[in-house]
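What follows is a pair of complexes built around subunit A, which joins subunit B in one and subunit C in the other.
Showing the complex of A and B:
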């Protein structure tokens, strides 16, 4: 009976979980095998490390790699740093707190491309910001702020879009902390900073790590923010992968190398960052 | 009290920030979409010289926007229904059965959430290509369904877990057929979850860009891909404003509806007891 029920459960998993796993395995398998020279659409197929060798020697790939890594790390850290104080502030309901949390979470409803459009519309040569600065006499001529070379626009957009997500996760975690434990810490003479370090952070660590991992992965694989608002002299990894697939002779194979590298970056980077946060929290508790 | 005063300043500050980063950008988008095509809005005019619906009409009649809307709004409900049907058995297993490996299995359903969208898009299209599968609609339908299954599974799992065993047993004891048991014990609790799953997947599918862009290229357009074509290298500001509003407004309304639905999903209010 027990065995039958277990078998039934596994059978029920097939159309949902089974489909997900098969699909992802095929997509992943396709990327890995194309990076190694299999499944070519033209010419010979066969095992070869040629694509890895040429791509890894490509200066542009490494520029993209470091750029994406920097944007992803900064976006994840900034989002969480901004979300923490807000989550703590909104822990207890007060007048207007509902409105404020709804307003803060509104960017979750705005499509990434729309956000990017609103942003460049705001900062462009003939945008609101420039007009406001010129008409108040702060500057004489409009500034050129679009597609800034340091990727500040992209990081701003990432934080705009992802901070509410971190806030959502952290609010839940922070609200789950009982008053009694915070009161106890207060009675023992802990000030606000100590309470944050020794009570709040350890108890909300899992939620924070979840937020960091998901934001990091999203930002590392970003395409649309980068194309619309990012620097024109460097590509993000996704943009580079797309471009090289379209333009180079061994497009699919080279793009596959970038894809494998991008997945590794997203996975390893996010796990390392989450680990670093855990270490920091342990140091903060001491 | 000092804390009270401090809180008020914070509230005011935050409302001001939200105003600059939500209200002004959307107001500007609205203005740009209403700029009269015959009277361009150029520097250094603070406000557009003339407003009209001309741009909306022009975008509607000269671009592929109508076909795009048909594509998007045919695709999204199909994705939602497919995802619902495929997610239900798995959600039932997660919500109502105990079996070895349940925890890891639940974590594994989240795999699509941690895969970079463009990697999935490009190599799914390469997979379709090597299989000789050329229907763009069906390709995007399959891709979206799988990518958004985790959301449907998660929502329905919670709904299934809320169904009360005593109600099921009571219905069975009174000799109800399986269908009657489902109608009496399951359906009332599942209904908000089913609707929520449909709406969430619908919105996600309307908004998905990477897969629709890569698999649909060059001729199958959805709302995000047509918006993308007005951004990037050839930035056509008024058109982008029009399409942005078309993309955002319906989804925000749907999300508000969803929020209401999920609030009503309290099991006590459905079963009539605590």
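Showing the complex of A and C:
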């Protein structure tokens, strides 16, 4: 009877969960298979490690890997760091707090490409910022800020776009902490910074980890910000994957290697970052 | 141990006056209870003492030091919250030593104090558990231990027993009082439960609408209430308007006219007006045999009777059902018939004149 009920429960889950699993398995299976030489559209299909060997020896892949890793890590950390004080500020309602909260979350409604073009308009050689700086006499000649080599523009766009998401998650978590808990910490001698380290961070850790993981994964796989506002001397992993697929003879199979690496980076990187945050939280409350 | 002095404290929330120039003193090691109905300002006062709410006017001083501008984390107070406010991510032991870590006490001292308070509140077996794994009573003990561990000069209790069942409430009430006596800290205890206030306190402060109505020992506020509010809020009272018709100032006895009939009242203090309110407690009236008549004996009919086990609660009033009802409690079972008149005696020293004139 119990076995039957368990099977029935799984059967009921199948329409939703099954579809997700099938699609995931299909995409992952396809990417891994192609990276191992199967489904070769331009030659003989069959198991081979040569695509991995070729790609892993490619200097540009590693430049893309480290670049994407840096952009994703910094974007996730900065987004959360900016979201925390705002979430604490908006913890209790005050006049106009609803409007402020809505405005802060407005970037969620703006598509990444639109944001990237607006940003370019703002910082380009003849953009608003340069015009303003020149007209006020702060600089004599316009500055070259577009497509900066360090990817600062991409990180800025990532934070602009993703911080509201972190804020959304953290606001709920921070609001769930009772006033009495914070008052108790204060009563027992904890100042504002100690209350943040020892009470707020541990009690909002899950929300923070969720925000970090999702922002990291999104930023690691960024394509649109990178293409419009990113540096021209280095590709992001997704940009590199697209380029390899278009320009290489074994394009699909080589791109599949980059895709698998990108997915592994997103998975391992986000888990490591979430783990690091947990460790820091533990050390912080000691 | 610390001395707490509150002088003309005022707090406003917009146009609402939560505290109206309230003054109070708690001596070293005294157990002071703020007693009053919801919204009377007792928790506001407690939060002001802790430093969570600033005073708009007046001062709060601990050991003679004005607390104006001193944040809660730097006051010599510790609070036991109504909700317990335990840190859910920390174990019982970590909760208890939280304040000690903030004070950067040596580790050996932290361990020693943890062991001491854990033993005092019988939590030795629960130290590694999270608050969510404890019962309500155990959580309350953790909150108490956490506050006690920092050995504050003034301990603040915000209705700490209100979430416990009746039996546990009695037990923890006793424990708090024992711990307070053992450690000698000054305690400010907020409650709306008059039995808690009477059982635990050295001094009871009865509050109403942001003001103090009466300050005194539990016996004072119960036996010698100053006005109708105190008489009615602390215990149960029969309150009647009386008119002073004769005075024997030398002996402190007054002849009064009451709705129940003429009576004698013995009072140390003279009445504040010719027409004042007087009160008597349900247990102060004695049922007299037969048709006894005499001073302070009233013939009143039984309107309702409820047997409560250890006593019988009787509602009495003028025969025929018109006029006010009075409450009388007699020990054990009273074989009284509803609608029948009996003689009830209220001794002159139990019929008390309140310091409130009839408008």
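The rule is short, and it goes like this: the second predicted complex is superposed on the first by the 274 of 286 C-alpha atoms of A that agree within 3 Å, B and C clash if a C-alpha of one lies under 4 Å from a C-alpha of the other, contacts with A are read in each partner's own complex, and residues count from 1 in each chain.
Convention: a residue touches a chain if its C-beta (ideal position, glycine included) is under 8 Å from a C-beta of that chain, and two chains touch if they have at least 3 such contacts.
Note that the structure is predicted; figures quoted are calculated from it, not measured.
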{"item": "Clash or fit, subunit B versus subunit C on superposed subunit A", "value": "fit"}
{"item": "Which of subunit B and subunit C A:276 touches, first, second, both or neither", "value": "neither"}
{"item": "First, second, both or neither for A:199, with subunit B first and subunit C second", "value": "second"}
{"item": "Touching partner for A:178 - first (subunit B), second (subunit C), both, neither", "value": "second"}
{"item": "Touched partner set for A:23, first subunit B, second subunit C, both or neither", "value": "first"}
{"item": "Which of subunit B and subunit C A:109 touches, first, second, both or neither", "value": "first"}
{"item": "First, second, both or neither for A:187, with subunit B first and subunit C second", "value": "second"}
{"item": "Subunit B versus subunit C as contact partner of A:268, first or second or both or neither", "value": "neither"}
{"item": "Superposed model, angle subtended at subunit A by subunit C and subunit B (C-alpha, nearest 10 degrees)", "value": "90"}
{"item": "Touch count on subunit A, higher of subunit B and subunit C", "value": "B"}
{"item": "Smallest distance from any CA atom of subunit C to any CA atom of subunit B, in Å, after fitting", "value": "10"}
{"item": "Subunit C partner contacts - residues on subunit A that touch it in the complex", "value": "178, 180-181, 183-191, 194, 198-199, 202-203, 285"}
{"item": "Residues of subunit C that touch subunit A when the two form their complex", "value": "50, 52, 71-74, 77-79, 81-83, 85-90, 98-99, 102-103, 146, 150"}
{"item": "Contact set on subunit B toward subunit A in their complex", "value": "7, 10-11, 14-15, 18, 21-22, 24-26, 28-29, 32, 41-44, 46, 85-93, 97, 99-100, 102, 105, 108-109, 111-120, 122-124, 126-127, 129-130, 142, 146, 149-150, 153, 207, 209-210, 214, 224, 227-228, 231-232, 235, 237, 240-241, 244, 247-248, 251-252, 255"}
{"item": "Complex contact set, residues of subunit A against subunit B", "value": "5-6, 8-10, 12-17, 19-21, 23-24, 26-28, 30-31, 34, 39, 41, 89, 94, 96, 100, 103-104, 106-107, 109-114, 116-122, 125-128, 131, 134-135, 142, 160, 213-214, 217, 220-221, 223-224, 227-228, 238, 241-242, 245, 252, 255-256, 259, 262-263, 266-267"}
